[in-house]
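Heads up, the next two complexes both have chain A, just with different partners, chain B and then chain C.
The block that comes next holds the complex of A and B.
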């Protein structure tokens, strides 16, 4: 007897410790992930804003001493053709990349192992007043008339307010996340506009109006919806919803923000329905009876008593739904068309943060600027979900008191 | 005037009320007593058709209130329930402010404008002997009140719509002695204006507050008479045994 008691006690202690440990472990993992995202990503702001191992050179008479990534892109895409645009002289810009050297010199003239290349590059740059040369550091041009442009690092402004996401552009990749952030918000917002009324409606139906038989039929169906892998939703969106959207709104392509919102809404529905329904069914019978006993109708009872009573559960349902929508990757990747441009309407292709990370992380070299930019995107996503859950917490607390 | 005629009530196959007839005079307090499970609550809930909410039940017989059969098809149940208020065993205020709890019945029945509602809320809280305790925190959540205060709030809530009948199902069973005596005092004062039917397990309470008492057992109304007579000189032996605590 006594021995058994001691065993029990030890077992209890061990269970208790294990539970504490797993709680602590979970918190540590969450903290670790967020710290990891930030530390991996934050290096971006120490990274030169042009491709690593390269530099830009101009003729020393050029008055420009630095260019933003945006300006560099405009030059190399020939969108700007005169130095005047950036405050220089009215001289035509002459873009020069390494292989253009063969327009000036034959292979023989550059030496057997290109040992004469820096010197010759220097000569070219010295000759051309409007030149801008994008050259690897190992062939850094030599000459009196050559000036290396100061390299700046990627700024917070470039990243958070930049409107172009072109991470593979040379010489200066553009990491403006605004289109991705807005794309994510737009698609999620649209999804919630569709999913909330629908989901809460179904939840009300299931908890208040449906008979036992209907509920027994619908509940498993809803749960089944939750179990379908997101790729399958993606297929469905691609093959069914996208063409429908295209036809209905007479659009050039069906892969739009709206298509993403519809698919996300369908995916968020099961969560919203089951969490909200649970919350409403948990409203004590006494509360409903009290309302009906005062002469309230069934509907008055639902929206004046049941819903207010269940509101923290309902806001949990909303938060979980938004969380699902904001974080969802695969399906959105498949149906939104993935154009990283500033979204202006629901009827255009957009690209979301998770889709970007999933699509690009594989080809971004570890530790490089692109890689860091993607990690920061992850951190932004993390902050979004944090804000949503904290505000939901605050709302339900405030309403309760 | 409530008049129940030959009421049978079934939960599925189980007969919970057996051929019960009873007349209740206006502006009296009637107590229902009897052992647990004998059908007191079921019978009480006949009067405001609360049993309609329970699936798979069946009722036979008639129940007239002021001469009208409340189970007639032409009856509007919401209006009936407005006229027949109910206070439950467990205090069940809504997740709203104290003021909104009392105003609830007025609002759902579209009774009166803002100033009327404010006035009715104050009157009801005064009638429920709660006004002095809550007048400075009408906008606070009803859940900040004690159990006894919550129950008086539920009474105020029932009074606000000016019912003619108030049903109380063990309204003090979850409360401490002081709160209980406050509720009893309240019932005593309300008698001038309302017809009150109260279910209680507490013999002394029945004796203290009621004019008439009905004693139920196993779904039957064993004895129904003036409370004094019932407690001093019951007709049936079972009643005598129950009252003196020999069983139940």
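The block that comes next holds the complex of A and C.
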């Protein structure tokens, strides 16, 4: 008897320790992941805003000292063709890339291992007044009339307030996350507008109106909805919902923010329904009966007693639903068209943060500016979800107090 | 609690140290025992070739240990950098910065073209425009031409779709068809060849590009001209073979030159007649 007691106590102690251990381990992993995200991402602001290993060179008579990434892009896309636009002389801009050297010199003239290349590049740059050359540091041009443009680093403003996300633009990639952040918020907001009335309606039906049999049938069905892989939703959205949206609103494309919202709404439904239904079912029977005894109808009871009592639970359902929508990747990637433009309406294609990370991380050169920009995007998403889960926590705390 | 925490941390550190030691020992061991363990990693475009080739190769080389994984061209090259793969398969040429990083500590990188892939420009089947010049394509994808009526088609907005910004296909198209200019900002992009076909097939004003192997009934390929409109060439297997079709890109294997040469036998195989036959079976163009 006594021995058994000791055994049990030891066992209890061990279980206790194991549980503490698993808790500690989980917290460590979470801290580790967030630290990892931020440290990988923060390096972006020390990276030059021109592609790594390259620099821009101009003729020394050119008065321009530095160019912003947007200006560089305009020059290399031939949108701006005169130096006058940036305060220089009225000389036509002549864009020069490394490969163009072969139009001036044959391969023999450049030496065996291209040793003569820097010298020849210098000659070309000295000759042309309006030239801007995008060249690797390895072959930095030599010559008196060559001037290297100052390179700045990517600034906080460029990143957080930039409106163009063109991470593979050469020579100067643009990392403006504003369209992505707004796109994510827009799609999630739309999803909530669709999912809330539907989800709360189903929750009220399940907790108040449905008979036992209906509930037993509906609940597993709703939960099944949560078990479908998101890529299946994405496919469904691309093949069925996108053409429907296109026809219904007579749009040129079906892959719009609205399509994404519809799919996300369907995906957020199970969370909203089950959390809200649980909250409503927790309304004490006594309160309902009291309400009915006072002569209130069923609907009055739901409206005046059950919903106010379950208010914080319903709010938690909403917040959790938003969390589900904001972080969803695959389905959104397939149905929103992924155009990185500042969203202006629900009927345009948008690009969300998770979709951007999923689509681009695989091919981005590790450790480069693009890679860091994507990790920082992950950090932004992390902050979003943190805010959401903290508010969910606060709301449900309010319920208990 | 605090004590427990410290204990836990130190044990984790210990365990992880142990592990890393072990794994480094492991890798040297396998190298010494067999030169036949080869890992191939990278582009999803090249993946079908590598998978099929490894399957066939393993039939004749029992005991050889080859592993193929996808992940993307960038993943392949960064794995080469941290030695978690032996061969990186890519659908784009290695970036200058990536090459510098690899060659920084004196390692030598070898580039081998193992196959070619032709890209077809596709539109909705009801579109009347069948011929496009390179200049027109450039203007479409940079956003200068916005309506099909400017190209002799219906009065319909042009909706260009591109592949994802990071795919090798995206960069190849930019460098070779759009003369290095950037895509119009806000161009729609799709994650895979399959979804491009799906979207173009159900959107009237759409235009995009995919690997020739992916074309099906739901979209219509366009003939392109790279000589200012003198001759238009359709992306048929025949035209790709006789090299008259202009939008063709190479697919690469990259590996480090080491004295052990673990990859040599497999490289010989993929470049042999048998290996190149596999390339064609999978739907790409052999290097011969």
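Note that in this section the second predicted complex is superposed on the first by the 388 of 401 C-alpha atoms of A that agree within 3 Å, B and C clash if a C-alpha of one lies under 4 Å from a C-alpha of the other, contacts with A are read in each partner's own complex, and residues count from 1 in each chain.
Convention: a contact is a pair of C-beta atoms (placed from the backbone, for glycine too) under 8 Å apart; a residue touches a chain by one contact, two chains touch by 3 or more.
These numbers come from a predicted model, not from an experiment.
> Let's test your reading of the overlay: on chain A, do chain B and chain C clash or fit side by side?
fit
> Based on the superposed arrangement, let me know which partner A:21 touches: chain B (first), chain C (second), both, or neither?
A:21: touches chain C, not chain B.
> After the superposition, just quote the angle formed at chain A by chain B and chain C, using C-alpha centres and rounding to the nearest 10°.
Computed from the C-alpha centres, it is 140 degrees.
> If we overlay the two complexes on their shared chain A, which of chain B and chain C does A:304 touch? Say first, second, both or neither.
Touch status of A:304: first partner only.
> Name the chain, either chain B or chain C, that contacts more residues of chain A.
The partner that reaches more residues of chain A in the superposed model: C.
> Contacts for A:238 in the overlay, against chain B (first) and chain C (second): which applies, first, second, both or neither?
second
> One more residue to check, A:286. First (chain B), second (chain C), both or neither?
It touches chain B, and chain C stays clear.
> Touch check for A:294: first (chain B), second (chain C), both, or neither?
Touch status of A:294: first partner only.
> How many Å separate the nearest C-alpha atoms of chain B and chain C in the overlaid structures?
Nearest C-alpha pair, chain B versus chain C: 35 Å apart.
> So in the complex, the part of chain C that touches chain A is made up of which residues?
Against chain A, the touching part of chain C is residues 1, 4-5, 8-9, 12, 71-75, 77-78, 81, 95-98, 100-101, 142, 156-157, 159, 161, 164-168, 170-171, 174, 180-183, 185-191, 195, 198-199, 202-206.
> Under the touch definition given earlier, write down the residues of chain B that touch chain A in their complex.
So the residues of chain B touching chain A come out as 48, 50, 53, 78-82, 85-86, 88, 90, 92-96, 104-105, 107-109, 141, 154, 157-158, 161.
> Touching residues of chain A toward chain C in the complex: what are they?
Interface residues on the chain A side: 17, 20-21, 24-25, 28, 51-54, 73, 76-78, 97, 136, 138, 164, 166-170, 238-239, 242-243, 246, 252-255, 333-334, 337-341, 349, 351, 358-368, 370-371.
> Within the complex, which stretch of chain A touches chain B?
Residues of chain A touching chain B: 284, 286-297, 300, 304-305, 308-309, 400-401.
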